[in-house]
Amino acid sequence: MSWFTLPGGVPWLTLTLVIPLAGALLVALAPAVAKNVIKQLGIVSALITLLLVLAIIGGYQHGMGNLHFQFEESLKWIPSAGISYHLGVDGLSLFLLGLNALLFLLAIVVADPVTPRFKEFILLFLILEAATAGILLSLDLILFYVFWEAMLVPLYFLIGVWGEGRRVYAAFKFLIYTVIGSFAMLVAILAVAAINFSQTGKPSFDWTQLILHPASGSWQMPLGLGTIGIQQLLFIGFALAFLIKMPIFPLHTWLPVAYTSAPIPVVIVFAGLVSKLGAYGLVRFNLALFPDAAHSFGPFLALLATIGILYGAFMALVQTDLKRLVAYASMSHLGFIGLGIFAANLLGIEGALVQMINHGVIIAALFLIVGMIERRAGTRLRAELLGLAAVAPVFAALFLIVSLAALGLPGLNGFVGEFLIMLGAWTAFVPLAVAAGIGVILAAWYVLRFYQGSFQETPPKPAGFTELRWVDTGVLIPLLALMVVIGISPNFFPAAVDATVKALPVLLR
Amino acid sequence: MPVPAYSFLMLSGVLFTMGAIGFLLRRNPLVVFMCIELMLNAVNLAFAAMSRYLNSLDGVVFAFLVITVAAAEVVVGIAIIVQVYRAGRQMDVDELDLMKE
Amino acid sequence: MVAGFAILAVWEFLTALGVVAFRRPIYNAMSLVANMLGLAVLFLLLNAQFLFAAQIIVYAGAVMVLFVFIIALLNPGPELTLERRGTEWIYAAVFGVIFAVLLGALLFNRSLTGRPGKLTPEAINAVGNVQSTGAALYTSFLLPVEVTSVLLLVAAVGAVYLAMRRIR
Amino acid sequence: MTINLSGLGIDYGVILPELIVVGTAIVVLFMDLFVPPDRRTWLAVASAVGLLAAGVASIPLWGQSRAAFGDTVVGDSLAAFFDVLLLAVSIVTVAISPRFLRALDLDYGEYYILLLGATAGMMLLAAATSLMTIFLGIELLSICLYVLSGFARTEQRSQESALKYLLLGGFATGFLLYGMALIYGATGSTSLRGIAAFVGSTNGAASNVVLLLGIGFLSVGLAFKASAAPFHMWTPDVYEGSPTIVTTFMSVATKSAAFAAVGRVFIATFPSLASQWYFALALIAMLSLLIGNLVAITQDNLKRMLAYSGVAHAGYILLGVLPGTAQGFSATVFYIAAYAVMNFGAFAVVTALGAAGEESADLGYWRGLFYRRPFLATVMTIFMLSLAGIPPTVGFFAKLFVFQALVNAHLWAPLIVAVIMTIISFYYYLRVVVTMLATPDDLAPKPARVGVSTGTVLGAAAAATIVLGVFPTTVLDWAGRAAASLHF
Amino acid sequence: MDALGPLVLLAPLVGFLLLALFGRLLPRPLVGWIGAGAVGLAFVFALAILSQVLGGQTLDQTYFTWWQSGDFFVPFNLYLDPLSTLMILVITGIGFMILVYSIGYMGSDPGFARFFAYMDLFVLSMLLLVMSGNLVWLIIGWAGVGLSSYLLIGFWYERTSAVLAARKAFVMNTIGDVGMVFAAFMIFLNLHVLDYRGLFSRVHLLPKGGTVITVICLLLLVGAVAKSAQLPLHTWLPDAMEGPTPVSALIHAATMVTAGVYLVARMHLLYDWAPAAATTVAVVGGVTAFFAATIGTSQVDIKRILAYSTMSQIGYMFLAVGIGAYAAGMFHFMTHAFFKALLFMAAGNVIHAFHDDQDIRHMGNLRAGLPITFWTFLIGTLSISGFPLFAGFFSKDEIIRAALSAAGSEFWLGILALITAGLTAFYMFRLFLTAFGWEWLAHDERHLHEALPVQTIPVIILAAGAVVAGYIPVAKFLSPVFGHAAEVGAAAFWGLAALSVLVGLIGFFFAYLLYARRPELAVAWRTRIAPLHALVEHKYYIDELYDRVFVRPGFALARFLNDVIETRVIDGAVNGLADFVMVEAREFRLIQTGRVRNYGLVMLGGALGVVLIVAAFLGYLPFRLGG
């Protein structure tokens, strides 16, 4: 079943890529001085994209299993190399697509027109949106890789140009880190295709083809390092890219500096979405194409993820800069997602999927709040904030709700994901689930330190801290609504996703 | 009895190497250039010898081409060297290091 | 024959040494001339009279005259050939020697494996060395020869451009 | 005796492009006598027309395989492909030359003559199927380039670079010739067809010292022209010293022509010796990648940086040769085309900036370029991203196809080196971009406006970089067919 | 009936939303009556439910699906049986009283609306907790009450102490929540159900007393212990007294803290199936009861004394449910709700009268100044110390009797409970005698003001409850759930009654002796047992212990990770690699000397390399390339 049906014959998915680009083109043509026009252009195109994506979500047929894609589009691109323009959406990407559209809209709304070179800012944003959407939609590995890399460029500029502090260093570090992973993945992609070619005799980078012929056999390493399974080798290649992007401990050191120096609208997208793309990649490729390797590496990576949970939590506990604090909190939460993925069972993966959405919503909201605090207080240092609830009660209330969602309070969305993830992890490896539980307790600790430290006690400082404006509230409301809705009645999620996840090869092994 | 072919090859090899060594040792561009000519001569010797022993004229023709080209190169080379000299710089290739890391 | 070759080989070696070792450029030039003349004789020994002629005319004639003329024109002072900055020259010598030794070792006692053609010295001399060479030049190697003409042209143009004074 | 030209294969169609170019050179030579100095742009126009005509003339060679003039040249798809490529490069070079030359007061007719001569040499090299023509092609283009790199006669740097290029070039020529001699001695033939026949027929070839040495020295000579490590030493200095416009031309064209020859020699002539020459070439490729990328990191002079990146790219291009298959070489050919577009673009930007005579090569000069010359900065960004290999630019697919060739051939060691070095290369390419984005210091001089022709050329190059990055299929097919025509 | 369930929830929900969204716009009286009225309404619905439950009906109605994938099915369903009905009645009933009281008590507080919003939120979550028909929603309610408790403890967020207390409470409750979540995991993985009906019907599939069921019950116990402030997770409750007094009355005395008892009672089938776990519950309860009572004897803050007494009384309830006397436990829960709420509210009046001074040593002789408070508090004291015919007397005696009549270790717990009863009487009368005193002061120069009627009337009502609640046949009412308790012979009943009364009298006597008759003796004894007294006064230094063992090491570790691991080790490695590359690059760069001859040298080296490769191929070198 589906909520409603969309007319066929329309390239819906391509539209979701084209509309932001069209918006970017319009922005490019607009005069640089007309900042408000530019902003409205950005908002409008992002809004249209959002509506389109909502239509797609609504028109998505539930319960179609065995890796069945919808709104599929396939065109020849580089036939000689077996590369094609193949788009499709399934349970794994459906809601992330929505998150993508939503976060970009919010980010553009909060973008401040007084930003220098605002035109280029919005321009890059829209391009970035197209790239991220492409990552979620592409079913051809090369196409995916193209979007994956194309995403780097706008991000790099958005941090390197509009960032603050050690922006260039941050951008470089992020870029180099990411590129290392990407090239590992590129080699793996080529190898996968080569193996598939040797099996089927016709070149193809198409996910739906490759998944039919999982690699097998093993490879004799040089220098007498013993043998390693081909699948494992390829798995590592892919995983490296995604683990760095998430990031999973210990590949995370680009994260704090990048998040800290990125401007708020960027970091919303960056933390809220881009990190999920790593997790998405893990599910889409590592779990789907290399099920055996996923099982053999699962425990180790789950361990890393769990370490990440605790590590991030402890780091968050002692941060003095709120942005940094949230960055590490994000890392800790991503550890949960990783844990769920590598638990490699139905509940774990579904938990991870729903937690991707939740984390996107929560972290975006947290960074928004940090940004609002910074705009009002002119500082992000916890030591310089106190008792603001007295002067900004509404702000305090909304912030409180976000914090509670962040610490996984049952009844809000954070709990849903963490519950399922830990349940999945408990089935796979109990000790890690227990450690994750400790992570939850630590989360309560540092989140409350964050909230209480800045908004409670007395006297309020800095003086002249103002209450939320309507636009701020308006930006936060949709996120809060999601937190509550997903927390109270999340069943729409498994309804749409269940079939796809059940069909993942890793579960069938 | 005829001279074995490889003796010519080795002679040319020796001459070639001497040219190369000269190239590496000398600092006067003119002399360096002469060393290059020496190397080319070694090549010509090889060509001539080969065409003799292979009973084909390719080598001779090749050697002839080499001679011509060398002449052309010398013309251009001398012109360049003169240019450098006109600029009032020392006739020492080691001094020509305006461009380096 | 062997004796002739031996003598010439020694001669070539000594003159080459002269090219490398003399300090005054003019001496280098002179020993290069000598070397080229010796080479010309070797060409004769190899039954390549045409090359002999070309060598003498083009090289010993044109090229070396040019050299000597320039040397006379520029008159560069003697260069301290073997006094070197640092130790580069040692590397140079060592590399060179190793190179020569390896080359020699590899080439020693190798016969030319290529298929011999029909043009034995007898066949050539039957027609006449120059004639046959000329025939080769203008039949099978027509294009290369023509290319050299272009090459000479651009060389002339280039040389003229570099050498000419500013005319505006 | 009678001169018998039958069976020689006199076929002017094959060398028609070269003939036209040379003819144009002579025409320009005479025009130079009459055209008044301030009208020398006409020479540019004339050369462009000639080059265009040559390009048209080289189209018919596509898809054919016409050996001519006693197997010294061949007219086939590869030749046609490279003819068009080289001609295109020289046309755009000519297009952006006049402003630059006038700015530097180098506006002499000889420039065009030599440029045409060099182009002719390169085209010959691309079509050469005989050691002699290879040698002559190389010499023709070299001699022209010697003079061109010294074209700024009063510039000491220019003279110096000319002299360095000349001396080292002569040195390399020595090795090249010696190698040719040895090959000739080992095979008894100077035409590649004959050599290939010999190597294919005799089984002892793999252990033939003379032959192997010959191949080795030959590759030294070719590597020098392609500026692959460790025979790249001349590259940075000469690139830096020569007039930027000349650097632009030779950085792209010479490499392309040289690799055409590499293909003809290694892929077509010595396929059976692949396991022998693989080591040498693999080492050269890896060394080029290593040195080129590493040293480029430390450069503050854009021309030197691009020179080293050129060395690195020589390595990438060589990677496609390593598998020794036409499929691999098609990747190389595609890469050359891509490299021609993006590298020409990059240097052209430097040229356009230097047109007013500033020290545009110094990276410090590029600070905040985005806010002074947005157009130039944008296109430069595109070229840098492409050189780094970020999609959706042609540079990405170039690398992709080369890597794919290596993967399919299971050549892991070069692949690993290439990948790691590519990652490192991101550093210096993006460094340029960052510099252009850095907050502008108002002290920096405002360069002259970009002329129409230059603007067009740059825009076209940028557009090509993107378009080929999105739709590489056509060019890839061309490259494939060009590479497929490599056989005797 | 399936409509009444949601209605009970709806009332406080609406109240909460109204107050949360518009509270600051509405006039104060309206706010107060909305807040209280919502709960009152809920109470009415609860009574309706009661009538139907008495009619023998029960409810297990699913309203919507929370999550379904595979066999993981979690509905949102309400489960109404006598047990939950009892809970609802107490929550809404007592809650209504307390909220009415708050209208007066909080009257002057700027955060008036916020207070009532929080209170309604609490009632909502508490009702959810007791009405939920499955573990997930139980946990959601469980966390909800934790949240509202956190909010209300930290209600006066200007006070650092309040903020810290709130955080402490929340974190400790989170520990409990995690425990319960894990319990839910094990239940699901072993029985594949999470709703009560399925659970209760399948418990028997597990081996009785086996590891699984035991672990499940222990994990549940973790949650119960945290929520009910039993050892060892009890330290948050005394600090929780930072909150307004009505909060202490409702949340930290009457209802929330007894959620643990409810949980065990609700899961009694599981605990019956895991005797070891049940015993653990009993032991925890008994020990806590005694332990808290001892601390109670040495405190001087009136609310803290009551807090410890709460711990102690809940200990009784744990003991009861631990030994299987579920009905008795719930009975005591109900009576305790009455008299403890009463005590707190009365104490609140006193605190107001003394302008927020809570030190009992500053009070005394309030009969004249605060007559109503005086008498009601006295009733509460008598009730809690088990004075015959008062509510506490019946419920406590049932527990002690059950413990003593049980065989084995429980017997000793019974003895402990008996001693605790004496201690209870002691510290309660110590409190009463010190704070309220005996004699009548003709005229009180302190000008104490008795609280407003809106405060006193609820107190009086509760006082009545504290007297008569003992006569409510709770055991009979709950019998559908727990089955019929064993009949006890009159002899045993009166014998034990006499015994406990005796113990209570001893406690009272000592209190009278030391704090009314001859205070100097108290001083003398205190000095004599100084170390012991110090130990008790400092609550056995458990706070300090936790601080040393958990909090400080935690921060130390975090700082170590932040300062050393992150910067030096991990990032150090990364940057080190980058620097290495740069250094290498500089090395290579040095080749480029700009001298032709060096370039030539390098080229010759390259050529040499080529020659070497050839030689290596042909085997002229020690190593050989190729075939």
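Going in written order, the chains are labelled A, B, C, D and E, and every chain counts its residues from 1.
Note that a contact is a pair of C-beta atoms (placed from the backbone, for glycine too) under 8 Å apart; a residue touches a chain by one contact, two chains touch by 3 or more.
Since the model is a prediction, treat every value here as computed from it, not as a measurement.
J.: Provide the labels of all chains in contact with chain D and in contact with chain E.
T.: Common contact partners of chain D and chain E, which must touch each of the two, are A, B, C.
J.: What is the touch distance from chain A to chain C, in steps?
T.: Minimal hop count between chain A and chain C: 2.
J.: Hop across touching chains from chain A and tell me the fewest hops that reach chain E.
T.: Tracing touching chains, the least step count from chain A to chain E comes to 1.
J.: Please work out which of C-D and A-D is bridged by more C-beta pairs in contact, and write that pair.
T.: C-D
J.: Which chain lies at the heart of the structure, taking centres as C-alpha averages?
T.: Central chain is A.
J.: Which chain lies the greatest distance away from chain D when centres are computed from Cα atoms alone?
T.: Using the mean of the C-alpha atoms as each chain's centre, the farthest one from chain D is E.
J.: When the C-alpha atoms of chain B and chain C are each averaged to a single point, how far apart are the two points in Å?
T.: 6
J.: Roughly how many whole angstrom separate the Cα centroids of chain B and chain E?
T.: Measuring from centre to centre gives 97 Å for this pair.
J.: How big is the gap, in whole Å, between where the Cα atoms of chain A centre and where those of chain B centre?
T.: Each chain's C-alpha centroid was found; their separation is 65 Å.
J.: In angstrom, rounded to a whole number, how far apart do the mean CA points of chain C and chain E lie?
T.: Each chain reduced to its C-alpha mean, chain C and chain E end up 102 Å apart.
J.: Residue numbers in chain B touching 2 or more other chains?
T.: Each of 5, 9, 16, 19-20, 23-25, 27, 32-33, 50, 54, 56, 58, 61, 65, 69, 72-73, 76, 79-81, 83, 93-94, 96, 98-101 in chain B touches at least two other chains.
J.: Mind pulling the chain D residues that touch 2 or more other chains?
T.: 132, 136, 139, 143, 146-147, 150, 153, 163-164, 167, 171, 184-185, 188-189, 209-210, 213, 236-237, 295, 298
J.: Quick one: which residues in chain C touch 2 or more of the other chains?
T.: Residues 88, 92, 95-96, 99, 103, 106-107, 110, 112, 114-117, 132, 141, 144, 148, 151, 155, 158-159, 162.
J.: In graph terms, nodes being chains and edges touches, is this line, ring, star, complete or other?
T.: other
J.: By the touch definition up top, name every chain pair that qualifies.
T.: Applying the touch criterion to every chain pair yields A-D, A-E, B-C, B-D, B-E, C-D, C-E, D-E.
J.: Tell me, which parts of chain A touch chain D in their complex?
T.: Touch list, chain A to chain D: 77-81, 142, 145-147, 149-150, 152-153, 156-157, 160-161, 168, 171-172, 175-176, 179-180, 183-184, 186-187, 190-191, 193-194, 197.
J.: Which of the residues in chain C end up touching chain E in this complex?
T.: Residue positions touching the partner: 88, 91-92, 95-96, 98-99, 102-103, 105-106.
J.: Within their complex, state which residues of chain E touch chain A.
T.: Where chain E meets chain A, its residues are 20, 24, 64-70, 72, 76, 136, 139-140, 142-144, 147, 154, 157-160, 163, 166-167, 170-171, 174-175, 177-178, 181-182, 185-186, 188-189, 554-555, 557-559, 561-562, 566, 570-571, 574, 578.
J.: State the interface residues of chain C toward chain D in the complex, per the touch definition above.
T.: Its residues touching chain D are 103, 106-107, 110, 112-117, 127, 131-132, 135, 138-144, 147-148, 150-151, 153-155, 157-162, 168.
J.: State the interface residues of chain C toward chain B in the complex, per the touch definition above.
T.: Of all residues in chain C, those touching chain B are 1-2, 5, 9, 12-13, 16-17, 19-20, 25, 28-29, 32, 35-36, 39, 42-43, 45-48, 50-51, 54-55, 58-59, 62-63, 66-67, 70-71, 73-74, 76, 79, 81-82, 84-85, 88-89, 92-93, 95-96, 99-100, 103-104, 107-112, 114-121, 123-124, 132-133, 136-137, 141, 144-145, 148, 151-152, 155-156, 158-159, 162-163.
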